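The first chain written gets the first letter, and so on, giving A, B, C and D; residue counts start at 1 in each chain.
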Amino acid sequence: MIKKNVLDMIVIDNQELSNNYFLLKLAPVDSSQSLPYAEAGQFVEIRVDKSPTTFLRRPISINFIDFDNNELWLLIQKIGDGTKALSQLKISDTLNIIYPLGNSFGLPEAQKSKLVLVGGGVGVAPMLYLGKVLFEKGYTPDFLLGFRSSSDIVLMDEFKKYGNVHITTEDGSFGEKGYVTNHSLLNEPIQKIFTCGPKPMMMAVAKYAKENSIECEVSLENTMACGFGVCLCCVEKTTEGHVCVCSDGPIFNIEKLTWQI
Amino acid sequence: MIKKNVLDMIVIDNQELSNNYFLLKLAPVDSSQSLPYAEAGQFVEIRVDKSPTTFLRRPISINFIDFDNNELWLLIQKIGDGTKALSQLKISDTLNIIYPLGNSFGLPEAQKSKLVLVGGGVGVAPMLYLGKVLFEKGYTPDFLLGFRSSSDIVLMDEFKKYGNVHITTEDGSFGEKGYVTNHSLLNEPIQKIFTCGPKPMMMAVAKYAKENSIECEVSLENTMACGFGVCLCCVEKTTEGHVCVCSDGPIFNIEKLTWQI
Amino acid sequence: MADLRVEINKLKLDNPVLTASGTFGYGHEFSDYIDLNRLGGYLVKGTTLHHREGNPYPRMAETPSGMLNAVGLQNKGVDYFIENIYPICSQYSSKAIVNVSGSCIDDYVACTEKIAALDKIEAIELNISCPNVKQGGMAFGTCPKSAEDVVAAVRKVYPKTLIVKLSPNVTDITEIARAAEAAGADSVSLINTLLGMAVNAETRKPILSTVTGGLSGAAVKPIALRMVWQTYKSVKIPVIGLGGIMNATDAIEFLLAGATAIQIGTANFIDPQITVKVVDGINEYLDRQGCKSVNEIIGGLIL
Amino acid sequence: MADLRVEINKLKLDNPVLTASGTFGYGHEFSDYIDLNRLGGYLVKGTTLHHREGNPYPRMAETPSGMLNAVGLQNKGVDYFIENIYPICSQYSSKAIVNVSGSCIDDYVACTEKIAALDKIEAIELNISCPNVKQGGMAFGTCPKSAEDVVAAVRKVYPKTLIVKLSPNVTDITEIARAAEAAGADSVSLINTLLGMAVNAETRKPILSTVTGGLSGAAVKPIALRMVWQTYKSVKIPVIGLGGIMNATDAIEFLLAGATAIQIGTANFIDPQITVKVVDGINEYLDRQGCKSVNEIIGGLIL
């Protein structure tokens, strides 16, 4: 088990990306401290201090860790007051996180055929770090990223560093038109699918994987109170009963889930 | 009755003065809108948006209005979370105020002897605008300002524009040593005293005024919920029973109060 | 532009947005901020037979997302209201409803009789739930029998719309609601404040002069919503919902949970224009959801 | 450095800071964050005779300065606790207290008997106040008679320190506290969660799978503090205070209002290190106020 840390972080960059996504780059306030190791698929819990309506921390996936520069990246979508307050953070503001939390994606021993990393909307977030980890193992991941429209596409240049990038947009304004599950990439031999995104998308991907006997892991986003397995609020019904998404997940093999697909 | 306005204001300056006082300068967000008239002694109610523990607005006296430049000045002491959040406002941040609230100081028909404006600590705030109003009537106010120590003294140059400035510090590091009620100025003929500051100070001033048959008005700071006379939380016991400090005050002639002095 | 009209028994309201007693003065204090006629109605401050000085200062403590008050029904009495305030209320088309309080049944009845004589006051709200007075108040509202007694007595002298305001400081609010209904109430409004307390750790003293006071504001919304839902399911008369409504979304939640009208209290202190914003917000919501009338969503919670 | 030791009947605590059941797992989950041995003790999660799956997801809704939960006592049962968790608990010097729940008296008794056999568990907390289970739970805690029955039955089989956890969803909590005391409780802890509800206006659905759930967090502090104060004045056994304690100042307010020890619940989710910060904060306060022992401030409210 990786030790969980409560860390004070400083904002070193906060960029509005397309539409309502922003990329928050953080470093430890104590610059002599290096970011502890975290695995792909893990997340952090952020305390949002300046939003009166935000009482609990907010769980956000690790988008990327740049260990050389001691940077933690978070890709965030503006949803409600909490994420809006985070979007307004300025360089040198500080915030408190719990890091890292949750389990991680299961990495294959060896690459045999395609490893497809399917992200939809802000669900592309954990795929970047996962892609990097796979890349560093010598694998070539295929990113299959779905967005509403070309104006939503984010972090393209970053994804390209670690694998092949395939895009779908719902309106066809970039890449293939339609949903990720319609993409031509899925006709090729696939060893494993990793996916994160809106639940209907993940269910469609899981269904596809199941039908084609492809190993598949999904990253769930059940609402959380604590984020580290003590409140039992975030449970998902699995083949083993209720388990905590925050500590037994957020990554689940679809075989363990009871989704009706 | 002056009309009460709910105004969106923009921060045009926020200066840390000595120790834990700061001077917040605001202008209407809509720069074509000129600040409505307000009288000396009135206050505003500020909505503090970025402090999770601050639920209600915060009442703050009008420190100064620069009608030529359309500026409202507030002199604020950092006390708790609300005032601390205000102290962190940056230029071009916005905030919402209700303006102007409360009654006002009673200005004499003509100046016969000294008009003494006694402020203690952050209680000096309303005295600047009062001084300006008196000055513009052609009077010469005497400011008698009490601070803990020389490092607490604020806005000296501003006060000097409108009258004579007399300072006491508790530690004697500037002006006369001791409390305002010990100041030599009080030996001269005085027509009226206006005072605002910590309650013990105001009581001492009121006692002095009473004993010497000097007309005296005090500015009270009872805790408020609404600030405009509808919740009945801020009451002061007077010769006419409970009255609202926010709407019948904050300025009271000491004759109306039931203070045991 | 949906139809916002609702009815509380004989009382017809242009829209379901009312204000909560004790947080809106006599109404006219808000005329600088809003057009009072845009509200469904407004509840004037707690009125008693005789003049009351209320509790000593301090009467207020801020709490997380809420506040405690211990005003204790300070008011100049019903005769003052009739002489000085009623003429002002009569100038507005928006309905003024008088919140009637008392320390014994006779006082409630006597005060109600005087209000009953006022043509333009079409409804009263019987406050049997004030936690800040030593006698009467909440004591009436925490036991079905005493609630029934006071409501029945007032009902005898009051032919117009009789709303009974319930206390949340009870094990089962539906029991009290049913008692009020049985005694002839035309509607119940809930919730009044929750009994709470605040302490200053440094001085080791209670913050309120009365030690305990009534909690209101956003903090109480989940409790109020639950009670409105429970009560809606257990009585036939219309329910008026309040407690922590800070914006239009909150108001809509109460309507969905079964409130025919809602009241806005503490939020008026933070945004004196909130009431008209809530009217507008409900309208926009209904349009967005394709509803022609607000009545379509009342009690419309999907289980 | 003041003396922080307090006693809850036979249970001796190094300091008055405990954690609230259901918010601290089995304790060891916090070992990355804090030194568990610095706490007076910790309440392990609600334990029942048999394994319970709890309620369906969603079980949580954020509310103004608080949250609703509807976990419904999910746990693997008392035998699992004894085999797998007790050995871990035994490694800490800090006292583990088991929160015992049930849906009928026999279950409470059977579960308690098993816990009674564990040497290193010196106390149990009887949860007669869970609002999230259909049977038992809060039903026991909202009526003096049924509270008395269950406490008396458990008392018979439990010689060690018996704490009874009370529900705030009652008209008069002191009545239930006195019933528990009469039935032999060594201490009462209060408050459990307040029954609340949350609605999603856009979908028109309740947010919780169970419609209603239990409110906790800062929002409830004023209510909890009032109930602790009332109960402190009406029973002789020590009171354990909780509900909305977010920092040391809050904890001190509860001690002043009469709590001999306090529990920290929801705050653990926001700051998993809060418990030790509260221990330090109480210490600093006592030094600042010139107190030699925390016992000097318990119930020390100046009226």
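Following the convention adopted for this analysis, a contact is a pair of C-beta atoms (placed from the backbone, for glycine too) under 8 Å apart; a residue touches a chain by one contact, two chains touch by 3 or more.
Please read these numbers as outputs of a predicted model, since none were measured by experiment.
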(request) Would you mind naming the chains that touch chain A and likewise touch chain D? (result) none
(message) Between chain A and chain C, what distance separates the C-alpha centroids? Give it in angstrom.
(response) 47
(request) Please work out the Cα centroid separation of chain C and chain D, and write it as a whole number of Å. (result) 34
(message) With centres defined as the mean C-alpha position, give me the chain A-chain B separation in Å.
(response) 53
(message) If a residue has to touch 2 or more other chains to count, which residues of chain C qualify?
(response) 61, 63-66, 217-218
(request) Could you list the positions in chain B whose residues touch two or more of the other chains? (result) 52, 54-55
(request) If you connect every pair of chains that touch, what shape comes out? Choose line, ring, star, complete or other. (result) ring
(request) Give the pairs of chains that touch; include all such pairs. (result) A-B, A-D, B-C, C-D
(message) Per the contact definition, I'd like the list of chain A residues that touch chain B in the complex.
(response) 49-52, 54-55, 85
(request) Quick one: which bits of chain A touch chain D in the complex? Just the residue numbers, please. (result) 3-6, 47, 53-57, 98, 222-237, 241-242
(message) Give the list of chain D residues in touch with chain C in this complex.
(response) 61, 63-66, 68, 142-143, 169-171, 194-199, 201, 203-206, 211-212, 215, 217-223, 225-226, 229, 244, 246, 249, 252-253, 256-257, 285, 297, 300-303
(request) Please give the residue numbers of chain D that touch chain A in the complex, ascending. (result) 22-25, 29-30, 32-33, 45, 53-54, 56-67, 69, 71, 74, 217-218, 266, 268-273
